[in-house]
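There are structures below to look over.
Next come two complexes, and both contain chain A; in the first it sits with chain B, in the second with chain C.
The block that comes next holds the complex of A and B.
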C-alpha cells in the first residue's frame, strides 16, 4: 500500500472520515488546554469522574427525545455541571477533600445513569452513549463540537491568567481579593463542556481519554503552561488522525482506536520524551558547569 | 500614614478578641491594638496561637467572640505571608512571573504587564538578592531562594500592612539577614509589619515591639519590657491544651 492510499486517501474518498477528522481537530483544540490545567491542578481523575457524571443527563435526554443531539447534550451538560458544582461546594465549605467529594457525587450520578439506560433503553443505545460514534458525526454534532472548541479557546484566552494563579497559589489569590471561586467554577464548566463535546464522538467512557492522555504526555515534552497546552493539543490531534486511520484500515471501532493511539503516544512520551522521561533517567547527559 | 497624631492611629484594634477552631479558643481574650507604622513581633511557644492571630487579623478567621476592627483597612491593603503557603512549588512558572503577581492590584485578571511593571519586578529581585534569577523555573529554587521570591512579590504588593507568619523558619542565616533587611526597610517606610517569630535574639535586635502570647496574652509592649524572664517563664507554663469536654468560657458571659 503506498503512503497516499494509507494516509490520505481515506479522507479524500469518504465524507464521514473527513467529518470525523474535523471533529478530532476541534476536540483536540478544546481538550488540550483544559486537560493540561486539570493535570496541573492534580485533578486528572476528576475529569474521569465528570465524564461518568454526564451519563444520567444524557440518558434522561435520550428518554425524553430519543437520539436527539441537542437534548442529550444539554442533559449531559446539566448533569455534569450539577456534580461539579455540588462537589466543589462541599469541598469549599466543609473539610471534605475535593477528590472524595467528586467521587461521592459522580458515583451517585453514574448509578442513576446506568439505572435509567438499563430500564428504558436497548443495549444498542447504551453502547452508543457509552462508546460514541465519531464516524457518524452529522452536521449538527460537528457544529456543536466546533462551537465548544471555539468557546473554550476564547474563555481560556480571557481568564487564563486567573486560572493559572488560582491553580498555582490559591491562598495568594484569596488574599488579594481575586475571584477564586468564580474562576474555579468557570473552569469546571469548561471541563464539562468539553466532555460533552467528546462524548458525542467518543462516548462518555472515552471522552476523558482525549483530554487526559495528551495532557499527561505533554509534560515530558514542554515546561511552561502555554507550550504544554499546545503540545497537548498537537498530540490529541495526532492521536485522532492516527486512530481514525487505524480504525479504517483494521476495521476497528474508532473511539477505542483513537484513545489507544493517544495511549501509545503517552507511553512513547514517558519512555523517550526530552523532559524527565525514562530515557533521560537511565541515559543521563553529562552535568553542566553551573 | 503620616507623622504625629496620624502615626498613632491603630491599624488593628482588638477588644477582648477570642479566635479559635470549632469553638475551642486558640487566642483567648486578647485586647490591644497594633499602631500604624509599628514593627511588632508576635512571640510564643508552638501552639500558642500566633498563626491563628495573624489569620484573624487578615480576616481568614472570624473571631469567636469580641471585636476586631480593621479601621478602614481593605483586604488588598494587607500583604500576608502564610507559614505554609498553599503554593504548588512544582508548578511550571518562572521566578519573574511569580514576582509579577505582586502587581495584582494593578494588572488584575485582564490588564497587561507593562515594561515599567516588569522593571519594578526586576528591581525587587535585586533587592532580595536574586538578581538574574527571573527566567528560572521556581521548581529549581531552594527553600531560602523561594522565600526571597515571596518577599520580592510582597515588595511589589506595596501594602501599608504586612503580616509574616514565621518567615524565617528553615531559612539559613544569610538569607534571614537579607530578608530582615527588607523588613527593616518596610519599617523605615512607615509600613505596619507584624511577624510571628521564634528566635528571641532576632526579636530583641530587630523588633521594637513584641506581643507575647501563649493562648492567653501574657505581655504586649516594648520588646525589652515584654521579653523578661518572668514573662517567658509564664509563657512556658501554659500547656497546649485541647479539652473535648471544655466548659463554656465564663469570662465572655459577663
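The block that comes next holds the complex of A and C.
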C-alpha cells in the first residue's frame, strides 16, 4: 500500500474522518495544558472521577427534556461543575486532601445519578446515548469542542503562570498576594469544560484518555511547563491521527484504538524518553561517564 | 468498564433488596414477569384479565444495557411465571433470576423459531461486547430481534399461551382462545404489510438503521437493512466499518436512513450527510413507545414502522 493511500487518502475520501481528525486536534490543544497541570497538581484521577460525577445531571436533563442531547449535556456539565467546585472548596477551607474530597463528592454524585436513573423506570443507558463516538461528531459537537479549546488556551494564557506558582509553592503565591483559591477554581472549571466537551463528542473513555495519557508521557520528554504542555498536545494529536488510521485500516473500534496508541506512546516514553526514563536510568550513555 | 461496574453494583444491590416489602398484587391472579415492552404486550394480549403483568424494561428503554433494580428482583421473587425473549437478548436476566430466588419456570418466547446468526462483518464489535459481559451473555452469536417478523410473533404467542396454560391450568382454555384471536390479528397484519411493501420495487428496498435490529423483518418482507454498529446497541463501530458502509450506500444509491427510538441518532445523521441520503424517521425496534406515542403495542409498532418505510420510499 502506498503512503498516500495509507496515511492521507482516508481523510480525503471521507468527511467523517476529517471531522474526527479536527475534533482530535481541538481536543489535544485544550487537553494538553489542562492534563499537564492536573499531573503537576497530583490530580491525575480527577478526570475519571468527573466522568462518573456527570451522571445525575445527565439523568435530570433526561427527566426534564427526554433524549435531548443539549439539555443532557448542560445537566452533565452543571453536575460535574458542582462536584469539582465543592471538592475544591472543601479541600481549600478544611484540612481534607483534594483527592479524598473528590472521591467523596463524585461517589455521592454517582449514587444520586444511579438513583434517579433507576427510579425513572424506563431505561436507556444515558451515558451511552449522551456520550457518542468520535466517528459521529456532528457540527454542534465540533463547534463545542473547538470553542472550548480556544477558551481553554486563552484562559490558560492569563492564569497559567499563577497556577504553576501555586503548584510548586502555594505559600509564596499567598505571600505575594496571589488569588490561589480563585485560580484553582477557575482551573477546575476548565477541567470540567474540557472533559464534558470531550465526553459529548468522543465518549467518556476517550476524553479522559486524551487528557491524561499524553500529559503523563510528556514528563519524560520535557521539563518546563510550557514545553510539557506542547509535548502533551503533540502526543495527543499524534495518537488521535494514528488511532483513527488504525481504526480505519485494521477495523478496530475508534475510541479504544486512539487511547491505545496514546498508551503505546506512554510506554515508549517511560522506556526510552530522554528525561528519567528506564533507558536513561539503567543504560546511562557512555560519553557522559567519561 | 464503567457501565459494567454500575450494572454489577446494581445486581448485588438487588440481592439484598429481595423480599423487603409486602406484595402489592391481587392474590388470585397469576403473576407474570416479562423483560421488555414488546413481549409484555404479547403476554397481555394472551393473558388478559387473568394475569398481573410486570414488564421490567419500560417504554423506550433499552433491554441490551438494562440495569436491574431491587424492585425487579422483588417482582421476580413473587412471580408465578417468568417469560423472556431468549436468544441472548436479556444478558442480565439469568443473574437476576438467581439473585431473586425465583424457583419457577423461565419460559423462552422465541423457542422454535429459526434464529439468524450474527453477521460476520460485525464480529469485531461483538467480540468486544462479548468479552465485556462475561460468560452468561450470548448476544454475539444469535440475532435476538426475532419479534420483528410477524411469523415469529405467532410462534411467540403460541409459546406464551402454552406457558400460561401450564402455569395456570384453570384458565387454560381462555388463554388458548385469546391466543387464537390474537393470532388471527397477526396473520391479517402480516398480509397487509406484504401488500404495502410489495408496492415498492424490490431493488429499491434498502434501508440503514442505527443498530442491526431489523434482519428478521428484512428476511420476512424482502427489505435490505444495514447498520453501522451491529446487533447490540452497546458496541462501538470502527472507522473501517463506517467507511465501507458509506461506499456501499453511495454505490447502491441508498437514499433512506432511519433512526431508532432507543439509540443515539448522531451516527446515522453522519452517514446520511456523507452518503447524500435523508433521515426517513424513527423506527421502533426493541421497545414500544409509551401509551400516547406512535407505537404503544406490538401491532401498532409494525403499522408505524411499515408506514414510515412506505412513506420514505414513495415521497
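The criterion applied here is as follows: the second predicted complex is superposed on the first by the 256 of 290 C-alpha atoms of A that agree within 3 Å, B and C clash if a C-alpha of one lies under 4 Å from a C-alpha of the other, contacts with A are read in each partner's own complex, and residues count from 1 in each chain.
We adopt the following convention: a residue touches a chain if its C-beta (ideal position, glycine included) is under 8 Å from a C-beta of that chain, and two chains touch if they have at least 3 such contacts.
Keep in mind it's a predicted model, so treat the numbers as computed, not measured.
Among chain B and chain C, the chain that touches a larger number of residues in chain A is C.
Once the two complexes are overlaid on the shared chain, A:175 sits against chain B while remaining clear of chain C. When the two structures are aligned on the shared chain, A:135 is found in touch with chain C, with no touch to chain B. After overlaying the two complexes on the shared chain, residue contacts for A:114 are found with chain C alone; chain B is out of touch. Applying the stated contact rule after C-alpha superposition, one finds that A:249 touches chain C and leaves chain B untouched.
In the superposition on chain A, no contact is made by A:78 with either chain B or chain C. Residue contacts after overlaying the shared chain place A:162 against chain B, while chain C stays out of touching range. Judged by the touch definition given at the top, the superposed model places A:58 against neither chain B nor chain C.
Judged by the touch definition given at the top, the superposed model places A:213 against neither chain B nor chain C. Within the complex formed with chain C, the residues of chain A that make contact are 10, 13-17, 19-20, 51-52, 69, 114, 117-118, 121-125, 127-130, 132-133, 135-138, 141, 203-205, 244, 247-257.
Listing the residues of chain A that touch chain B in their complex gives 40, 158-159, 161-162, 164-165, 167-172, 174-179, 223-225, 228. The touching residues of chain B, counted against chain A in their complex, run 58, 60, 75-76, 78-80, 82, 85-88, 91-94, 98, 101, 104-105, 108-110, 137, 153, 157.
Only residues 1-3, 6, 9-10, 57-62, 65-67, 69, 124-125, 128, 233-243, 246, 262-264, 266-267, 269-270, 273-274 of chain C touch chain A when the two sit together in their complex.
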